[in-house]
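The structure that follows is given in the form of C-alpha cells.
Lettered A, B, C and D in written order, each chain numbered from 1.
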C-alpha cells in the first residue's frame, strides 16, 4: 500500500525491478518500435500520438537542433567546455542560456495565438486586435522577426511538413494572419520565425503552451554536445578573449581611501 | 575572406542569412525527411548514417529517456523546479547530475572493451584479462550490475534491435563475453546494464568513446521536462523535506568562544 | 585606442599584465586591507563604502550562509554531488535553485517598500495601502511569513546590527510598519522573515533592488560547498530514493496500440 | 529519537523552529560578530579559527573575487545573462566553468606540495624530485605560470598577508622552493600564480586539499553577479557574435543522399 502522503509522487513513469513503464507503456516495447518523437510526445502529453503528432515533433526537433555559434547559449557552452569540465556540465551551462530571449518566444507566441482565438473573430480581425494590443503596450510580437534570417527558412518547411502530416489547422492559419498584419500594425513586415511556427504547431498538437521552450530544451543537446566535443578535442584549453580586447570604461585608477 | 585567426571556428554548422547547413547538409532538407536519430548521428559523427546507425541511435535514446525518480538527477531537477525557476534552468540542474556514477559508465565501459580488444586474443580470454586487470586494481567493472534491475530489461532489447539492424558485431560479443566471466573473476554474476550495452553499440556505430555520456545528455531532457512540468503544475512550490526529517550529527550546541 | 565597437566592454574591472583593478582600485591593495563585505559592496555598487555598508553586507552574508537541508537547493546540490561531478558543478546545480520562491522575495519585498514609499504617506498608512493592494490582487506579502521560523531569529539580529552600524533608517521602519498591518489586512500576523529584512537593508545601503537575490547568490556557496564535500566524503555515491518510495499514480500498465 | 536510517543526515548545521546552528554555533550570534572569512572557515573545517585563519580566508577570497572577462567563466555568464535568465541561473552557468583549467590547479598544486613533503627531504631536494616526476610524465607544474601575469601580483601580496597573520610556514616555503627549481627542471622560470599560493595557504590553514576549488567557488559569485547585472542593465539582449565572424571549416555544401 502506498504511503498516505508520499514525498515523491509521479504520473510519468514507474520503475520496479525488471520493468520501466512510461505513462503505462513498457519502455522496452517502445525501444526500436517507436520514434524519439513519439516518445517525447508521450512524455509531454501523457499519451501516444493518435495521428502524426510524433512525426511532427520529430520535424520540430530537427528544425531546432543546431544554429551554430550564432546562438549565445553555444558560445557559453564552449567557454565553459574550454575550462575543463565534464560533457554534461558544459551542455548544462549552455542550456541555462535558453532564456526568455532565446527560445522563450514559443511560449509567448502561443499565448498571443490563444488570446487572438479567444476574441472569437475571423482570423484577420483577431490578428489585428492581438497585434494592436501588443503595439499599444509597446511590446514586440513574439515569434516574428529574426536577427539573421528574413525569411527564416525553417518556417515554410515546417508548414509544409504540417500540411503533409494533416496537422496544419487553425493555429497555423492564425499565425500566418498575424504575419499578414504586421506591416499595418508595426509599420514593417515582420516575417514569422521558427519560434512563431513552433508556437502554432504546439497548439495544433495539443501541448501545454507552458512547454513552449521544451522544443529547444529537447532539441539542442545534440548540437551542444557536438560543440563541447569539438571545443575539447580541437581547441586549446581555457578559451581566452585576451585582456587587450576588453574595453574598460569604469573609474580611472584610484588609490584606496 | 575569413579572418586569418578567427576567435570562433567550427566544422559543425554554418549559418548565413536564409540558410542553415549542418555538416554540409541543408537543415531545411533534413526537416521531415530524416529522423532525430539520423541527425544526432550526423552531428556526433560528422556524416549521415551509411546504414542503420540512425535507427540504432534512436532506439538507444528511447531506452535512456526516463527512469523516474530512481535517478538522483531527476530528484535534483524537481527540487530546483519547486523553487520557481524557468524550465530550461531546472532541466540544466538535473543534467549536471549526469555524472560519473550516473551515465558515466558508458565511456568507461567502452574503454574496457577497447582495452580488451587490443589484447588481440579471443573474446573469452580478452574478457578474462580485462576483468582481472580491473579486479587486481580493486575497481568495478563499468557497465555491469544495477541497483534495481537484475537483469536490466533494456539490455536484451537493445541487442535484439542491433541484431535486426545489422549492427550486432564484435563489440556486442565482447561485451557479452565480459558478462560471462564476471562470476569467475568477481565472485558473482554481474549482469550487463544499459550503460554496458550502450558502450558496445557506441563502438559498433563508430562514435568516439569520449561521447559515451552523450546518450544520456541527449536522451534525458524529455524526461526532465516532464518532471519539471509536473512539479511546477501539480506540487506546491518550495519542496521542503521538513526540518524534523534531517538528522543532525555534528557538534552539540556550543557558545561562541 | 579602444575599438570603436568592442564586443566586450565593462566598467567593473580591468586586467593588464601585472595588474588587476576593480572599479579603479588595485585588487592587490584591497587584499588583506578590506573585508569581503567591503569588496562585495564595491563590486555591486561601484564604490567602496562611505560608512558601514561593508560591515552590514558582511552581516547579511553571514545571516544567509546556511539553512541546512531545509532548503531545496541544498537537497538538489547533494543529489547532484552524489552522482560524481566536480565541486563547482554540484554547487552550480544548487545555485540554480535559488529561484523566485527561494531567496527571490528580497527583490519583490524591496519593490513593495519602494511602492509604499512612493505614496508619500506616513509609514502606517503607506504600509496599509501597499498591503491592501497586494491582498486585493490575491498576492502574498513577500518577505513575511516563514515555513519553519516564527519569528525568524535572523530578523531581530539584523535590525540590531543595522542599528549599531547607523544604517537603520526609513526602510527598516517601513518594513516593520508592514509587519504591523498584516493582521488587519491578511487576517493573521505575518512576521518578517530574513528576505524582508534584507530588502529593507538593501535599500538602506543603496543597492539596486534587482540585486535582491544577490545576497543569497553570494552567501550560499560556502554552505553548498560544505554540503557537496560532506556528500562526497561521507555518503555512498548515487543517492537513491528507492523505487519503493516513489508513488506512481499515472496510467495503469497498457499494451502498445 | 532520530530515524535509525535517515535519508538526510548532516554534521554541518541544524535548523529547528526559531534556531539555526552551524557546526554547533548559533547563527544569530555569528551575525555581526564574526567575519564572512571566519564563517567560511567554520563551514569548511568544522570549527572556528583558532588563530588568524579566518582573516587569511578573507584575504584569499578578495584575491580571487574578480578577473574581468579574461576568465572564460565570466564570458559564459554574460552570454547566458544576455539570453534573459534569472540572476542566479546566469551566475550558475559561469560557476560551472570553474573547471580543471580554471581554478582547478589549487587542488592539484596542493597535492604536489603534499607529495613533495612526503619525501621527507629538505625543501629544495623535495621540490626538485616533485618537479622532475611531473616533467618525466610530460605534465605541467600546477599553480605556476599565468597567461597574463608574470609575476602574478596576487602572489607576493598573499604571502605578505600570511606573514603578518603568522600563517606563513612550511607549505609556503615549499611552494617557493618549487618556483626556484622550475628553470632547472622545465627549462624556463615559471612564476607562482594565485592558484599556487592558494594551495600553500590551504595547507597552512589545514583544509582538505579536495576543497582547493572552493576558494573560487566562494569568491567569484560577487564578480559574476556584477557582470550579469551589467550585462542585463547595460547591453542589448541576446549577445550575438554575428554569423560573419564565425569561420566554418567543415564539409562543403552537399545534397542529401
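One rule holds in what follows: contacts are C-beta pairs under 8 Å (C-beta built on N, C-alpha and C of every residue); 3 or more make two chains touch, one makes a residue touch a chain.
Owing to the predicted nature of the structure, the values given are computational and were not obtained by experimental measurement.
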Those chains that touch chain D and also touch chain C are A, B
Per Cα centroids, the chain farthest from chain C: B
Computed distance of Cα centres, chain C from chain B, in Å: 35
Chain-centre distance (mean CA atoms) for chain A and chain B, in whole Å, is 23
Rounded Å distance between chain A and chain C, as computed from the means of their C-alpha atoms: 30
Multi-chain contact residues (two or more partners), chain B: 7-17, 30, 34, 68-70, 75, 85-86, 88-89, 92-93, 96-100, 104, 148, 241, 243, 246, 248
Interface with chain C, chain A side, in the complex: residues 2-3, 6-17, 21, 23-26, 29-30, 33-34, 46, 48, 85-86, 88-89, 92, 96, 241, 243, 245-257
What part of chain D is in contact with chain C in the complex they form? 7-20, 22, 27-28, 30-32, 34-37, 39-40, 43-44, 55, 58-59, 61-63, 65-70, 75, 86-89, 91-93, 95-100, 103-104, 148-151, 153-154, 157-158, 160-161, 164, 208, 210-211, 213-214, 216-218, 221-227, 229-230, 232-235, 241
Mind pulling up the chain B residues that touch chain C in the complex? 68-70, 72-73, 75-77, 79-80, 82-85, 89-90, 92-94, 96-102, 104, 147-148, 237-243, 246, 248
